[in-house]
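Note that chain A is present in both complexes that follow, paired respectively with chain B and with chain C.
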Partner chain A sequence: MTVTLSASVPTARTRRRSPVNRSRVAAWIAVVVIGLFGLAPIYWLVVTALTPDDRAFSFPPSLIPTEITFEHFTRLAENRQLFQYLANSVIVSVITAILSVIVSAYMAYAFSKFRYRGRKSLMHLVLASQLFPQALLLVTLYALFSATGLLGSYTALILSFTTFTLPLCVWMLKGIFDTVPSTLMEAAAIDGASRWRTLHTIALPLAAPGLIAAGLFAFVRAWNDFVFALTLADPARQTLPPGLVHTYLGEFQTAWPDLMAASFVVSLPVIAAFMFLQRYLVGGLTAGAVKG
Partner chain B sequence: MRKLTNGQFAWLLMAPGVALFLAIIAYPLVAALVTGFFEQSLVRPGRTFVGLANFADLLGGDFWPVLRNTLVFTLGATVIPFLLGYVLALALNSGLPGFLRGLFLFPWVIPGVVVSFLWLWIFNANYGVLNGLLGTEISWLGQPGTAMAAVIVTKTWASFPWMMVMLLAGLQTMPRELHEAAAVDGAGAIRRFRSVTVPHMKGIAGIVFLLEFIWNFQHFDTIYVLTGGGPAGATKTFAVAVYDTAFKGFDLGHATALGGLWMVLLLMLMVLYLRKEAS
Partner chain C sequence: MNTLNRRDALRLLGLSTLGVTALAACAPDASGGAPQGDTAAKSFGFTSWSLNEEAQKAAVQAIVDGYAGSNGVKITTASFPYNEYLNQVTLKLRGGQLTGAIQLDVAWLGALAAMGRLRDLATPAAKGGYTDVALSSGQTGGKQLGLPWTTGSIGLIANTGLLEKAGVDGMPATVAEFEAALRKVAALDGVIPYAAATKAAQLKDILPWMRTFGSPLLAEDQITVGDDPSVAAVEWYKKLYDAKLIAPDVDRFDARALFAQGKAAFYDDAIIARGVVESQAPDKSLTAKMAPLSRPVLKAGDSPQALLWGHVIAVVEGEGADAAAAFAAHATSDTATVATFFEKVKLPPTTAAGLADPKVSGDAFTTEWTEKITKTATANPFWRYAGYAQIETAIAEQVQAVLVGDSSAKEALAKATETAKGLQK
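And now, the complex of A and B:
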């Protein structure tokens, strides 16, 4: 693409060559320096998880592992308590994701395909609700769940997670439905399909990849939650994030290699989810722009 | 059966979402703001109306150090990742291999508690790799000055990839011809950045910065796991203070009053954000 340009303006090309190379060098320097900051801690997590205890607790630490062990991972596998946390995390995150996608799909469809009174202010409210302070919400959610007898239950966790997954999914899915051409729906209406039928047989199937993406985002957010699970779940229903804090950080001497091994395992599902989500990343993260 | 209007049909579709929204977001939030005017305990039933007493208590003391800590943390944990993310986005946009973008996402993708565990270990006073590299024996999380810096570094690490992704997406929508035309006119790299890139990126950069600022303004996880708000309250931000007052001090009145003041500040930021999103 620069060929046509440089052919018509040969002098510009010769003038530009050295600055272009210099900026290429600058770009690599930036990537290497920031990359070191970004990836060295991850390297350290993995190395620590593979280091035998006696070596991990020596100072100064050796940056390159001299001896590798998988004992921390096998120890994790033998810990029944951690399996309970894992099961809780899976149950709660999956149900949160499914519930959020179903409820928000209808809401997002209404936002996207109909024009009615109250639509715009409600959209703003949903967008703003993502920014409400969780710690404050938590205080009254705790009282609410306590009064209704839900405190400590899976239901309390799922409902509290929905406070952040619902707005996220609504915004993502509105963006998805916006890309489904309205002409398809009009054609269905002309063919005599009801609005209800059009929604289920045309719009939802077309939006299926978006529904899956929104569900995965909700799953990840639920999986990662710390403060709600810490406070609203009783010990038997605690998820992995607070569970790991209780298991490892309360002790006199934290078993760092075990904790790093556990951290590695907890991160895996999230990393896998994001590999699928790469192309939805930008849209899902801004949660859509207010338009229309 | 009478046919519903489009508006009625839309509200029917939204009904479950709206009901959920009212029950678990709107009601608790309003209830929280109301509780600020009462003296109420987390563990004992009943409450007494005390008017503005809770607010007066807070504004006469605790509110100010918490506001200061929150602002220091929020500014640090927003400005630094923004700059890192911007530099990285510019670098990656200059034709470096695409897999690098994915590689840089790791710190942002892994769960928040894992981030906290990892940096707790790095900052560990006895066996930590940071002290090992520097040849020091500093208790990074045990002293007020370094604790705040450590918390900011940790949050920066977790946030800059998101900034990079968003800013890179912005850069990629910039027409290449603009840069080429400016180059033909003899503008150098810095001049082109200032007169082509910056104006193009103004919208997205503003939104990304503001969103991150709002998120940090109410950030909880990293601070709570790393320092618990200590030492001596040096990293106690609004989120940690509200949490501790409610769930360790059992004092719902002061917790929600502080939350109310916090919410007012957040609302101002939110209005700014919604205006920006709309434009």
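And now, the complex of A and C:
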């Protein structure tokens, strides 16, 4: 009996552990597969950027480069036009982010903390603007900016990008302001703070992670846009996405290794910004998701 | 619960005004922005995708600078990427933002002509000494809406080294000889005999084969795709596919890569193929083995089919149109200019004098290409419709359905024609 009992205990333990191990292995496999899915294009981008032109089109393609060159990065460093595109991207994206955060913060606060007739309708109207395909608005915006003399300017790009980012930023920040207890505002009012001061010294600091998340979202939206940047800005004010296409994608062939080198380099500032601010981004995106 | 008082509302209004003022400061000055037309008679814009393409921009800019300098005119240049060019030009032309001369692909002329903003250039065309085939590339709706800048064709190119290795004697002249040559090449290890387009995005390459089999594609305004010759062409293509004489999932990009690696004996491309293959080929002697050949015909005596390809310069009616037309005529027909341009970019000129210039006629590949392929090249008849690209796509998608075995050639082409009919506008 004893023997049977003592033998049965480890068996039960093994049975209990086995599903745990299996699920852990399955989780790791899933992580590796998803990781590969996400990282493989980046790996391929780097490999192509380091491959000499006449090896870049080898068939079948080689996963591990047999020959490495830095000539594409050297050529990139010598291309002053690309740095102009980069400067344009920074100008447009930073101003778009700042403007989006300022406007959406006030809008969101007004939606969250004030009660007035038409509030809900306005909120849904803001969201409804997201339902239109943005390409549909291109022709209208083009005509509008042309009539106002803004076509070709940074302003045209900044206004259009801000228009597209506002709805999501407003709703994101409204959720965050909803989590700020109204009793805090009432306490501030009792202490003699004006509404203006209450907003700036109490509500906005509490919503800082959300403001950063909204700013990052607007920044990335402006940084990545292609069609609007190509159509609304003149050549001297075009941003990186149309600039890269213009420089490397031609009628007859595409300079893939150069394009990959440029894509890698220009993505570094965004990667750095994300690494630095990602904790705010995650916190900001989820802050308004659950009401306590 | 909070309410906005008048003071808060005024503060918000003040902030908004400040923001708008700051943005307005970023607006361009009067001289910036897209070409706005001109105020003087000798000022105009020139829009060209080549102005920003690495291989051509220096040569095109030299033409612009040379003409502006010697004629005392001011040329404002603008450029858009080739793949977005038609959309951008259409939008800007519709918005009145585009004036002067514009470089166009011959395939786009019909779509832009429909907007009614392009000038008829019959007079400068008559004086330019252009070849007939070149002139035809700039015509649409009975008008000469573009002056031909370069005229070439999409035709077949062979790797003579591989053909020799496979024991193919001479270039195949008929479809039967071509198929026999492909079967010999198939015996070589790791070589695709014919890197024909099989991806939907590039399957419009089958249209010249349909013509080879006798289909006109379009008779008057009646689409004839689906007639017996076009069905026979697709069935033949399918036969090559099943026999692995052509490979699945190949577009122009793949075909060039395969050819450049010495892994395809034939493929379809434009005359610029030589430069592209040269830049991609590890074997630098490959270009010497490249030979253009007339597309094989169904029976001896038939005319070889090839798709006309090229660039034209059109002129937008309005301010500066006269000066822009004079520039377009100079850029496309001045013999010294076009010969120098050819020397730099290897795009063949469009005038008889330009083709006869030693700089051009001394280039054996170009001469051979012009003689064997461009001479009998014809425009895609669907280019006259603004929706030509969708028509080509409708046909290509159905041909692909045949290749993968989802449909018979007759059924697929009938379906394609039905779709295409709705796009004839």
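By definition in this document, the second predicted complex is superposed on the first by the 228 of 292 C-alpha atoms of A that agree within 3 Å, B and C clash if a C-alpha of one lies under 4 Å from a C-alpha of the other, contacts with A are read in each partner's own complex, and residues count from 1 in each chain.
In the analysis below, a contact is a pair of C-beta atoms (placed from the backbone, for glycine too) under 8 Å apart; a residue touches a chain by one contact, two chains touch by 3 or more.
Keep in mind the model is a prediction, meaning the values are calculated, not measured.
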Should A:255 be classified as contacting the first partner (chain B), the second (chain C), both, or neither?
second
Mind working out whether A:110 is in touch with chain B, chain C, both or neither, as first, second, both or neither?
both
Check whether A:143 is in contact with chain B, with chain C, with both or with neither, and answer first, second, both or neither.
both
Answer with first, second, both or neither: which of chain B and chain C does A:263 touch in the superposed model?
first
Based on the superposed arrangement, let me know which partner A:51 touches: chain B (first), chain C (second), both, or neither?
neither
Let me test your reading of the model: by the given contact rule, A:153 touches which partner, first (chain B), second (chain C), both or neither?
second
Could you say whether A:165 touches chain B, chain C, both of them, or neither, answering first, second, both or neither?
neither
Go through the superposed model and pick first if A:96 touches only chain B, second if only chain C, both, or neither.
neither
Is A:88 contacted by the first partner chain B, the second partner chain C, both or neither?
neither
More chain A residues in contact - chain B or chain C:
B
Overlap the chain B and chain C contact sets on chain A and report the shared residues.
56-59, 103, 106, 110, 114-116, 138-139, 142-143, 159, 195, 227, 231, 242, 245, 249, 254
Would you tell me which residues of chain C are touching chain A in their complex?
1-5, 8, 11-12, 15, 19, 23-24, 26-28, 32-34, 49-50, 52-55, 78-84, 88, 91, 95-97, 105, 253, 256-258, 260-261, 263, 270, 272, 275-276, 279-282
State the interface residues of chain A toward chain B in the complex, per the touch definition above.
1-2, 5, 9, 12, 15-16, 19, 22-24, 26-28, 30-31, 34-35, 37-39, 41-42, 44-45, 48, 56-61, 63, 103-104, 106-107, 109-111, 114-117, 119, 122, 124-129, 131-144, 159-160, 162-163, 166, 170, 195, 199, 223-224, 226-227, 231, 241-242, 244-245, 248-249, 254, 256, 259-260, 263, 266-267, 270-271, 274, 278, 281-282, 285-286, 289-290
Spell out the residues on chain B that touch chain A in their complex, using ranges where they run on.
6-7, 9-11, 13-14, 16-18, 20-21, 24-25, 27-29, 31-32, 35, 42, 84, 87-88, 90-92, 94-96, 100, 102-107, 109-114, 117-122, 124, 126-129, 131-133, 135, 157, 160-162, 165-166, 169, 176, 180, 183-184, 186, 188-189, 207, 211, 214-215, 218, 220-221, 224-225, 238-240, 242-243, 246-247, 252, 255-256, 259, 262-263, 266, 269-270, 273-274, 277-278
Quick check on the complex: what are the chain A residues that touch chain C?
53-59, 95, 99, 102-103, 106, 110, 113-116, 138-139, 142-143, 146, 149-155, 158-159, 185, 195-196, 227, 230-231, 234-237, 242, 245-247, 249-255
